[in-house]
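Look at the two complexes coming up: chain A is in both, with chain B in one and chain C in the other.
Then we have the complex of A and B:
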């Protein structure tokens, strides 16, 4: 009831700015309404989770003529409702301040509430029709949001690619649900849950769900649209697309694989793990090579989705092999990482938006020194970067630690493929985690530390209060999720229980505050203790240095080294910082080629350094595919220029073939 | 009158319509095609009248009359007039030789019998036979449209196809009269349109071979 009212409020919010034109108040009011309804929805979800209520159903009389619209709020939906609406509320709050800075803001405000509405409907849907309507609503609204800055050629290209991929995803999900509905055509999830699939239908359902939801979530190799479309949108929309929409896609995957299908073969788990490992490593390597801050963040999303996919795949494998308790562990780890990623990726994108609002720059090589000009944004961004790099005591560490805990149990699977495969995936995940840390050291270091590399960065000013508030709240959320891991894990365990078939005990052996999902000896982590001890030690150290040092605190210019250099170009650049990793990984994967042109001695021309890279997946998969489609279209195009008699002949042959088919089938 | 005779006569008339459909395929002159078409329409009118008698459905007499007047008399006369008026070639240019066309025709008849008989298992024997015959006539008409180049023969192929439809309609009990009448009028309108069309083609290209139209299409890039 409350949730329905909040959804209606979102619809109203999308209408408010329509007639408003340039009236700033109306646009801010729309964001305010979004903030309100997102908070209400988050509260509904929290209450539902906290009370541990049974699923609540609602049947509304609209939708297809022979079928009402079914909605359902169960634990899983409530969790995703929370994952959607906490960041959404923050993005709306941010939008109150940022919305008017965004280029073409009048094209953004009406679609922002619709985007939220679509995502919420997807997780609340209880039949395939409502699910797909919500899904398409989400896709189309976000497409329009991406397209808001439509005067830019690059944006139009990105939006076009996004539309193609979104349609592809929808086309895959449609037959997946059709197969699950079976010949009776009952599209309620309840019927699908009860239904049994044959081996072929079951196989196809999983494949189509992976393609459909995977393309939306950005799993390699279907990720190509993501790093183009996410940065093209205004920052608070990018934050939601990257932090939240990918989670909605994963919700679709979890709902189908763990709930509706229910009996997925362990080989699919292995496949999902491999795809996830590839996404994680390739995503973070791409992120390391980017010099555009928002594009870097988008590629990092690909990495994190890969990490979650590894965990989901492992849960599938455990579940099919009868290790329900371990499946619960892997599933909880995946949920934890989804929640975390929603928090810190939203924070980072909003931070990037603040940087963009302050400097009108996204290019790392023209930023620098912002930590002094933006005293709130910089620490918030730093916290987000630390969280995404999985540093304790922040939230990213907990979920990756849990994922590793479940990966360590992989060899308990009976199949030799998994016994050997799981450690390999674990190694790849470790590589990705290390590279992610390097990536965010680079992102934060180049953008915020050092000296300003451009006039715009040198004159940056801190952003307005609502934007700062959103950043601070999200940073606090990252810390909170990190320091109470046992509580969060316990809550997530109740969500995972019906899906995995077993409950997870978050603190075996040691008890609160020790998070020890296996048992106390295999591994335990007490963030709360760690934080308290760290705070005490840091306080002592600070006090001691201040107290015992004979010298007063001095403030000196950065990167001075005792020899003032007027040019900021002598600092590390984004490219030079990435050079070692580019040489190790990029030469093979990206075909990175560095060339230095040195003029001969006596020639006053400057030396030139140039770097060339190619995108292996774009050039190896997408371009050939596009060429193939063109080739086929060229062939089919000939059919447009036949004579009347040939057209008649085609019709006649089709008729005869159909008649023969009917005749043979009898 | 015994049931066997009823059946045999209906079968005979239906088979005559089908025979005329075959005869259309091996004619080499336009005038004889038109004449055969008139014969087919006549047989069709007879079939409709016979069905009216055995089904005791008076409205089918009207159908028979329409078939007789329009299809067996007016349309053939109009077509002959057109052919004379246009002074066109009296021979038919085929896109596929007559032998192969007939072989395909036999195949189509076999196909429709194989298809219709199992589908209509429960229906009366008469309706089943008639439906199979009607479908054969329809497919033969379509075959004629694609294996003959001349516009006049294509039109006759279309009319023969429509005869097949009508044969199916009269043998299915309970088909409303309004459907038959509207089909009949649709054919007449089509005939008039085709006639105008012939004149236009003829004026421009001095030929009724539809292939000559192709180079003038606007949608070619």
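Then we have the complex of A and C:
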């Protein structure tokens, strides 16, 4: 009831700017309404999770003529409702301040509430029709949001690609639900859950779900649209697309693979782990090569979705092989990482938006020194960067720890493929985690530290209060989720256990702050205790340094080995920072070629350095595919210019073929 | 209650012995090279001298630059607190396992790299960029060592691995050997020793860690130097704890067992110092881009270690 009212409020919110779009207040009011309804929805979800209530159903009399619309709020929906609406509330709060700074903001405000509405409907849907309507709502609203800055050629290209990929995703999900509904055509999830389907249909359902949800979530190689479309939208929309919409896609995956389908073969788990590992490593390597701050964040989303996919794949394999307790552990890890990623990726995108609002720049090589000019944005972004780099005691580390702990149990699976495959996936995951730290040292270090590399960066000013508030609240969320992990895993276990079909192994002998994958002997982590110990040691350290080292700090020009250079151009840039990593990892994968053009002595021309890289997936997969579609279109195009006689003949042939098909089937 | 006591003793031991270990390695190296060598107490004197000096910070740097030394020192000190040296009966032993240990070292690296970039000098960026490249391979290698050990001993907690090895759970395993080799290679990289980095150099082409802390002075530099010494001590202790745990007292061992643990620990630590000094004297520094091959090798060795577990099981 409350949830429904909140959803209606979102509809109202989208109408407000349409009615009074010329008033700046109307746009702020729309964001205010979004903030209110997102908070209500988050609260509803939280209450449902905390109370551990049974699923609540609602049937509304609209939708297809022969079927009402079914909604259902169960533990899984409630969790995703929370994952959607906490960041959405922060993005709306941010939007109150940022909305008017965004270019073409009148094109943004009406669609922002619709985007939220679509995502919420997806996770509340209890039949395929409502699910797909919500899904397409979400896709189209976000497509319009991407297109808001439509005067930019690159944005139009990104939006075009996004539309193609979104259609592809919907195109895959539709038959997946169709196959699950079976010949009876009962599209209620309840019927699908009870239904049985043969091996071929089961295979196709998983494949189509992976393609459909995977393309929306940005799994390699279906990720190509993501790093183009996400950064093109205004920052608070980018934050929701990267931090939240990818989670809605994963919700679809979890709902189908763990709930509706129910008996997925372990080989699919292995495949999902492999895809996840590839996404993680490739995503973070791409992120390391980017110099556009928002594009870097979008590629890092590909990495994080890969990490979640590894954990989901592992859960599938455990579940099929009868290790339900371990499947629950892997699911808890995956859910934890979804929650974390929603928190810190939203924070980082909003931070990037603050940088853009302050400097009108996204290019790392023209930023620098912002930590002194943006005293709130910088620490918040730093916390987000540390959280995403999986540093304790922040939240990113807890989920990474859980994922590693469940991976370490992977070799208990009886199959040799898994015994050998799991360590390899583990190595790739560890590599991705380490590269992510490098990526975010680079992002924060180049954008916020050092000296300003452009006049815009040198004159940046801190952003307005609502934006700062959103950043601070999200940073606090990252800390809280990291310091009280056991409380969070306790709640997540109640969601994961029904999906996995068994309870987690009880953590014997360990009390509240001790997080443990199974019994306490296997491994444990206590963020709360570590933080307390760290605080005590910090107090002692401060006391000791005060006593031993009484002299005050003196501020002086940089030493720089005695040869300081006044030009900020002598600092390391984003490209030079990535150079060692590019040389180690990029030569093979990206075909990175560096050429230095050094004029001979006496020649006044400047020396030039150029870098060439190619995108192997884009050039190896997408361009040939596009060329193939073009070729096919060219051939089919001839059918537009046939004579009446030939058209009649074609119709006749079609009729014959259809009759033959009907004849054979009977 | 005794656990808390031993925990405090363990932290005190780390603080007291870490500069001594660095001094011992320096002295041994000097002797091996035919020089007289500085006194063993020199690192302690250096730290005290730095603490008494006036800290100068760059006008281009921010609060992060002043905060980083404290953060780094604390992160490594916490990591040092959880590696059992003379007893496994410690308060914090369950608070963090090997994965968390890798992450704690990651905090120190993250902050050092950022501090290097804060003053906006070319050297700082150079050091940070190289350090992150080295870490991007060293960290996965260390996690894979953890993977092997966790499969062998059924735990990622150092204390439980010690208990397992002491309980005779592990015979001579190929995987143990591979894991030891990999961890040693990682330790050399992480502590910035030859052949990866040279702790004694100030040549721009060869330095990594030193380049990041160039701008530091006074107590900030003292903390950064102390962090480096602590990190060397930590890795030496970690190798001793995981692969040569003999002598470490188990819970309920009594006072004599603790005393024995302390004595054996100091002897083992001296042994590691000798091994490190001999190794460093007999090898030349590598080119920076060969470091990737070196650490890639470590990663593969560790991965092989996990896979060998099944091969040896199957045979």
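Keep in mind that, in the parts below, the second predicted complex is superposed on the first by the 639 of 666 C-alpha atoms of A that agree within 3 Å, B and C clash if a C-alpha of one lies under 4 Å from a C-alpha of the other, contacts with A are read in each partner's own complex, and residues count from 1 in each chain.
The criterion applied here is as follows: a contact is a pair of C-beta atoms (placed from the backbone, for glycine too) under 8 Å apart; a residue touches a chain by one contact, two chains touch by 3 or more.
What you see is a predicted model; the values in this text were computed from it and never measured.
**Student:** Thinking of the overlay built on chain A, is A:652 touched by chain B (first), by chain C (second), by both, or by neither?
**Tutor:** A:652 sits against chain B, while chain C stays out of touch.
**Student:** I'd like to know which partner A:430 touches here: chain B for first, chain C for second, both or neither.
**Tutor:** second
**Student:** Figure out whether A:662 sits in contact with chain B (first) or chain C (second), or with both, or with neither.
**Tutor:** The answer is first: A:662 touches chain B but not chain C.
**Student:** Who does A:23 touch here: chain B (first), chain C (second), both, or neither?
**Tutor:** Neither partner.
**Student:** Which partner reaches more residues of chain A, chain B or chain C?
**Tutor:** C
**Student:** May I ask you to decide whether A:54 touches chain B, chain C, both, or neither, giving the answer as first, second, both or neither?
**Tutor:** neither
**Student:** What does chain A use to touch chain B in their complex?
**Tutor:** 640-641, 643-645, 648-649, 652, 655-656, 659-660, 662-663, 666
**Student:** Give every residue of chain B touching chain A within the complex, in rising order.
**Tutor:** 95, 108, 111-112, 114-115, 118-119, 139, 142-143, 145-146, 149, 154, 210-211, 213-214, 217, 219-220
**Student:** Note which residues of chain C are touching chain A in the complex, please.
**Tutor:** 11, 48, 51-64, 66, 70, 73-74, 77-78, 81, 92, 94-97, 99-100, 103-104, 106-107, 109-110, 113-114, 117-126, 128-130, 132-133, 135-140, 143-144, 146-147, 150-151, 154-157, 160, 202, 204, 214-215, 218-219, 222-223, 288-289, 292, 299, 302-303, 306-307, 309-310
**Student:** Where on chain A does chain C make contact in their complex?
**Tutor:** Interface residues on the chain A side: 368-369, 371-372, 378, 382, 386, 389-392, 397, 400-401, 404-405, 407-408, 411, 416, 419-420, 423-424, 426-427, 430-431, 433-435, 437-438, 441-442, 444-446, 449-451, 510, 514, 520-526, 529-530, 533-534, 537-538, 541-542, 545, 548-549, 551-561, 564-565, 568, 570-572, 576-581, 583-584.
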